[in-house]
Amino acid sequence: MLEAIGLKSAEDLFDSIPQDLLLKRPLNTPAALSEIELLNRFEKMGRRNAAARRPSFLGGGAYSHYIPTIVDHIISRSEFFTAYTPYQPEISQGTLQTIFEFQTLVCQLTGMEVANASMYDGSTALAEAVLMAERVTRRSKVIATSSVHPQYLEVVHTYVQHAGIDLEVVPFDARTGQSAAALAKAVDDHTAALVVQSPNFFGCVEDLSALSDAAHAKGALLVVAVTEAMSLGLLKSPGACGADIVVAEGQSFGVPLSFGGPYVGLFATRDKYARQIPGRLVGEAYDKKGHRGFVLTLATREQHIRREKATSNICTNEGLIALAATVYLETMGRRGIQEAAHQCLQKAAYAARRIASLDGFLLPFSGPRFNEFVVRGPLDAGALLARLGKEKGIEGGIPLWRFFTDRPNDFLVCVTEINSRDEIDALVEGLSEVSNR
Amino acid sequence: MLEAIGLKSAEDLFDSIPQDLLLKRPLNTPAALSEIELLNRFEKMGRRNAAARRPSFLGGGAYSHYIPTIVDHIISRSEFFTAYTPYQPEISQGTLQTIFEFQTLVCQLTGMEVANASMYDGSTALAEAVLMAERVTRRSKVIATSSVHPQYLEVVHTYVQHAGIDLEVVPFDARTGQSAAALAKAVDDHTAALVVQSPNFFGCVEDLSALSDAAHAKGALLVVAVTEAMSLGLLKSPGACGADIVVAEGQSFGVPLSFGGPYVGLFATRDKYARQIPGRLVGEAYDKKGHRGFVLTLATREQHIRREKATSNICTNEGLIALAATVYLETMGRRGIQEAAHQCLQKAAYAARRIASLDGFLLPFSGPRFNEFVVRGPLDAGALLARLGKEKGIEGGIPLWRFFTDRPNDFLVCVTEINSRDEIDALVEGLSEVSNR
Amino acid sequence: MSDGITKVTSHISPNEQLIFERSQQGRVGYRLPALDVEESPVDDLLPREFQRDDDLEGVPEVSEVDVIRHFVRMSSWNYSIDLGMYPLGSCTMKYNSRLNERVARIAEFANVHPLTEVQDAQGALQVIYELEQHLAEITGLPGVSLQPAAGAHGEMTGIMIIRAFLDARDGAAASGRRTMLIPDSAHGTNPASAHLSGFSVKTIRSTSEGLTDLDHLRELCSHGDVAGLMLTNPNTLGLFERNIKQICKIVHDAGGLVYMDGANMNALVGIARPGDMGVDVIHLNLHKTFSTPHGGGGPGSGPCCCTKELEPFLPVPRIVKTDWTVGEPTFKLEYDRPKSIGRVKAFFGNYGMMLRALAYILTHGNDGLREATEAAVLNARYIANGLTSDYDKPFNSPPMHEVVFTDKRQSRKGVHTLDIAKRLIDYGFHPMTIYFPLIVQGAMLIEPTESVGRQELDQFIAAMRSIANEALEDPELVRNAPHSTRIGRLDEAAAARKPVLRWKAKPDEE
Amino acid sequence: MSDGITKVTSHISPNEQLIFERSQQGRVGYRLPALDVEESPVDDLLPREFQRDDDLEGVPEVSEVDVIRHFVRMSSWNYSIDLGMYPLGSCTMKYNSRLNERVARIAEFANVHPLTEVQDAQGALQVIYELEQHLAEITGLPGVSLQPAAGAHGEMTGIMIIRAFLDARDGAAASGRRTMLIPDSAHGTNPASAHLSGFSVKTIRSTSEGLTDLDHLRELCSHGDVAGLMLTNPNTLGLFERNIKQICKIVHDAGGLVYMDGANMNALVGIARPGDMGVDVIHLNLHKTFSTPHGGGGPGSGPCCCTKELEPFLPVPRIVKTDWTVGEPTFKLEYDRPKSIGRVKAFFGNYGMMLRALAYILTHGNDGLREATEAAVLNARYIANGLTSDYDKPFNSPPMHEVVFTDKRQSRKGVHTLDIAKRLIDYGFHPMTIYFPLIVQGAMLIEPTESVGRQELDQFIAAMRSIANEALEDPELVRNAPHSTRIGRLDEAAAARKPVLRWKAKPDEE
């Protein structure tokens, strides 16, 4: 081929690069591995993830739910995973129609009117929601509660730091574990949005309706974040509670933990704000013959047209993960989502009851729960859980001191439909054993 | 729907079945399991297959070779694995063209002129070859050597027992491990076929050209069986040696061990016998516009038309496994097949050298080898290998006494490209250790 | 094109050459670890004359992405269950669960060698044992062998068992019993399998009702030469042989045994059991009734189930449970069965299919198995209902899991079964089984299975009706179908006259 | 239809409704184990007013086979890399290795929770660490963060790092540096990301050669307000900015920093390193250069690589190797980085993409990485050569990995870039990127990548030439394309005017 285009050697291909910029040596990366060698290598590294094979009660923004086998089969189809963003609708209807279904499912679950094609994850979706609230209200103050996932708050802070938004974080109520009345009070006429999470980081369900009234009374928006999307199968939808923007982490819907990503951010709001939404939107369209199809629409909001005035800089989103969530939701269906949520509620309640009955252990927060709750143990939570892992081979929870230094003995426990009663009982016995020394 | 067809209850659907034949009770099989429960159940049973995770040197008709990742991806495509036999060519060209490629690859590897769409496995393919030899020669005597895989001989015996064929088995040469000169002598004017395997059950390569001359001199056919198809990458093809029918077990080409099946039988012969072939054949065909396509052809040989006069009773064959072999062969390609075969030869030679050098161990057969060889140890092979498995976690080989009661200390060792030098060395050290007690 | 066509539209479809036509000197799509042992000159290890000397000329040289595109493109030319209803009568094209595929790929099963010492493969043996138990319960026949690789293989096994039994029972006299009775409606594999086992075949007529003709059966049984009967039930017309008990009695009284072709068990699972009908031996198709994928023509699995009396004749080895006291059950292989017909296949049969079938039985549960049967029969009845107004239904008794129609009315206009089948393709459906059973002239055998919902059944009925209509108003349209596929009808006659069965390099390419 | 069309034929394509239109009361496609703990009344656990009261009205109720058919059918409507060349300029649509997919699914990685104590997730951290090392070597920029989820996210991260650096360096004075310079050819995400970080954008002109206009750059740099420059190299015209060193010097002398958009690194890997050119910070697209699948629009991964000097500003946490003496290296998380811009995403970024990218780097090896780059550039050059005779090539310097053409000649006949793109679909190819970059009127940006062989390149060139020909002889044919797809051009204007963004039950359905 080189000859065909009149070149002598591969070097000639790069003659537009100044000599002194050419790398004169081979890259200092390893030589090629064969498939066999590569798999051995990764399996070896994998064995260093002791946690991966253990019964786990970790939540805090990433959840182990059962993933129906067909999800991976569908997203592994070449036609889906090796396609690009559907810029050419005539040969991308497969992707476009599934996104349209995804947008619809997100609206149904959140109780909202319009949803986009996905955001990077729940945390960035929340940050974008805050930016959007500022655009919509033209107000610059944002009030959040400290019961929002600490990492989400960090991300919001990073995003808003140069946007002329001041972010005020109001402490939660240490008795209930819910957002304090203080939060509602903090809202004023300069407030663009009230930002809450429900169930919150401690697993407590917030009184969204009350918060919505408080926000709306001052013309502020209520922005609700959901990290455990499975709760939408059982809890009153944020939309029904009056939320103006709802964002969620969709990982609970058929997406493996995979050390934190890729996940998928859900973003939903009211029709009237449709043109302020960040990210891609798919809409219905028709051809000359009247056939229905779907297209990327309202592109004028986006960066490739609007440049710096775009509603966001997001381009590539989480298409394939949104597809996984779509397959998951359609497979579980109306009744499956309800049942999974119901089992989470019941199993978590069972675990909470049993753990609370252990001496030395108590549940510091009184607020209503879905499938997560905080436990206070008789000793340093880090030490306690480390023992539990080592001696019992159980991942018992997340020590809160990582995020709240004033809570050395507290840890967050999550129970889902995949935790069998045996696993829960083993956790309970394990906790009492390792703490009795 | 019941109403729509004027029925009251599901029972009514079965009113053509006499009352006294209806099962009045639920089946005594287990109640339904969920996906989670089912997977746990099988994983639990799987853990009882201690051998599955061990380095293995077992061959004897089923081989561990590396399977490129794309093989399973392709055969997992709905369009391939959920299709039926391609009866309707207009909507089955995917299956038909791949079978045509499979037939071509089988011809290329075996050095023959025509091959079918597959047989159940190597053993049944051999039995069908014997029946075909009787059909084409109209002779009733078949001579086989005892170095053919014992289970293959059993299957042949089962198939021919009612076909008026007498099967004579001539012992192999205990010194070389190859077929004895006696074999050639046994051929007479009533002999339909001479049946040999190469490399034979002991891993020794047979002198096919000589055997072909012997058979042809008496107007008999040479039927060659190959259980380790990888050897075709390196050994002179049976076709080039003069074989008239070549059958092989295709498992080595991208098919997992899976406790013995499903595998795929390869069946190839000379053009002149094409209409005597058992099983399905795919051929080129054209439509009115002159487009090339492929169809099932020469169906008049087959049972659905010929009934009891068919060349075989086979209907469903091993389509998807033939596809796996096709993907494997096209991925490895000309050079990959050669390299895999070359590595088998070299690694087996290395292992043989090292084992032969251990005191108390020797290699009883002098014949040339590909990737399998017989070892004679200082003690009962069953006991020796059991220790090796228990203490060293190595599947060291197949004790021959299972098939040849007069060989208590002999066992068959197989080495392929996936056995690393470390594994081989561990085997050698393991053998010497466990035998020194 | 008729606007009655709702299931498909036309769209671009990728072309793809034969891989051999794509091959390019020097391309590779594989990588192996470097050889890690001392390399010896090949000639030292293997005499020259035993070495291949053609350098594998002609075997393709392509890259990995070439291979992927090659097969992904070709796959898009196939119809498949996952694209929709696949109503091939007698083939039971039901949904192939992804879960079962996953089970079959569990490393601890996929990587067990068949010659592993039994104590290191207990899990693998347990699967076989449990599946045998469940199939025995479902058929009512306690002796089960999973060795046969497909239905026809199971037939051969079953017939050889009958022969071995007769030889054991009658000794030399058995040589007088070499006749196998087979209805004229039977599948071609039946006579072929009987022949393989050294029997000569006599054909039994069917009645105008589509059932076995008892008088003819009696007559054929009156000569003392009958070894047995091979009966499909429900038969290949989709009708339950309601006289089955009597049939068995007639054959038994004549000293013969009854073999049942179980290809149609999807109509009976959980409802009725062959063992309770007097059947002596049966084969099942795990790739039909028990949902293991057809894979474009296999692999299958054709278990053979028989009475206690015939059990000693089953192929070796048998998997038996050893008496154990504590913990898990343990299993061993028994070879010492002097009466056994011997081995019909190396190793244990198509094991991977057994894993899938067991998963099918366990995920459905006993209720689920029965419900599946009910749905399969209901769907067939629904289609029978929907088509009687437009197509000739040769037998009026209600069908079980499949229903046969003919082209009688359409043929008056010169439109035949083949044309109707090809036209169905334009409507987006895979055609039904055609010209089988042979006794029905222009047969169209339709088996929807339980894996299809009412919406698609209605679409199918509408399509068939629309075609019936076209046959009247525009027969040419139907006769020249399909019109919308990437290739038209292929000239099969020409293909058979001068068969081209493999690719060959054109002289210039060499 | 032109018989120049060799890559595709027309064939039937399945229709499929929205799942909501298929839903049927009471159908289920799931099964969970029965609840195995004592059940409490829900009201005891959760106040009524917190419970959902709409019974999930509208959420679909379908069976598993419904779902499978739904998605398999829809998938068949998509073009994909596995079906052939996907020459979207700037998108680097290269082959997605199945091996990498398998690696990402290894249970020990897929099942690790991101908040696992580090000692129980060492393998997961090692992967991140090793990938960071390799990317540092490839870019020549030692500070790497894998937290950004895509390219635009990486841009935002990089620009925030520049801002944080300036604030640290200049203190209050930094408020005077809020201008980000961006060439008029840049991708839209660049200005958008700059804006997100609180910068105002000034646009730099490109020269007639298609390179950054140095004089304009100097002039813009002369006001002391420049925070930095965002440059794509090779730029979005596929041309290497040969003055890159000088460009960096100008910006640096003006007190600014240089950000490089690394979307086009597929032209440079193993050949030249941004770090050696004077670039301060860059983002990579693992979903382009490092072959992680695009998935129909993500997930991506947009690592940010920077100089030692900027390293303290990278997002937290940082993954650091602890000094260890024996055995495997060990890793820990460092949060205490006072200068850090903070977190840009929860957890560690799109981890699954990191596994794939590391597998890509390890299977290619250092030689393989360079060879891939050479092949990518060679293919683009080959296309450039093949099309110059028929299409206007606005810049004559030889392209790197992608080449831009325009519709100048064809537009005289009223055939525009969009028409040519749509007509390419009839020829079986996915169109190139169109109307980008914006500075080229009627731009067609073609990037073949290394994952395509000469046969298909020739097919593509032939198709484009044939279209050029059609544009002369039958412009209408091209203007109305595509002609062979299941739907024609959709009315996007109407769709945007009254957007329908979700399915709603029709009144009667409720």
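Think of it as A, B, C and D in the order they're written, each chain with its own count starting at 1.
In this section, a residue touches a chain if its C-beta (ideal position, glycine included) is under 8 Å from a C-beta of that chain, and two chains touch if they have at least 3 such contacts.
As the structure is a prediction and not an experimental result, all values here were calculated from the model.
**Student:** If we define chain centres by averaging CA atoms, which chain lands farthest from chain B? Would you check?
**Tutor:** A
**Student:** Look at the interfaces A-D and A-C and say which one is made up of more C-beta pairs in contact.
**Tutor:** More contacting C-beta pairs are found at A-D.
**Student:** Quick check: how many Å separate the C-alpha centres of chain B and chain D?
**Tutor:** That pair's centroid distance is 47 Å.
**Student:** What is the distance in Å between the mean C-alpha positions of chain A and chain D?
**Tutor:** For chain A versus chain D, the centre distance works out to 21 Å.
**Student:** Tell me, which residues of chain C touch at least two other chains?
**Tutor:** If we look for residues of chain C contacting two or more partner chains, we find 12, 27, 31-33, 64, 68, 72, 76-77, 80, 82-83, 97-99, 101-102, 363, 425, 485-486.
**Student:** Among the residues of chain B, pick out those that touch two or more other chains and give their numbers.
**Tutor:** Expected reply: 32, 34-36, 66, 68-70, 73, 76-78, 91.
**Student:** Show me the residue ranges of chain C that touch chain A in the complex, using the header's touch definition.
**Tutor:** Going through chain C, the ones touching chain A are 12, 31-33, 68, 72, 97-99, 101-102.
**Student:** Can you list the chain B residues touching chain D in their complex?
**Tutor:** So the residues of chain B touching chain D come out as 32, 34-37, 69-70, 73, 78, 91.
**Student:** What part of chain D is in contact with chain C in the complex they form?
**Tutor:** Going through chain D, the ones touching chain C are 6-15, 22, 24, 27, 31, 63-66, 68-69, 72-73, 76-77, 80, 82-84, 95, 97-98, 363, 425-426, 428, 451-453, 455, 484-486.
**Student:** Which residues of chain B touch chain A in their complex?
**Tutor:** Spelled out, the residues of chain B in touch with chain A are 35-36, 66, 68-69, 73, 76-78, 418.
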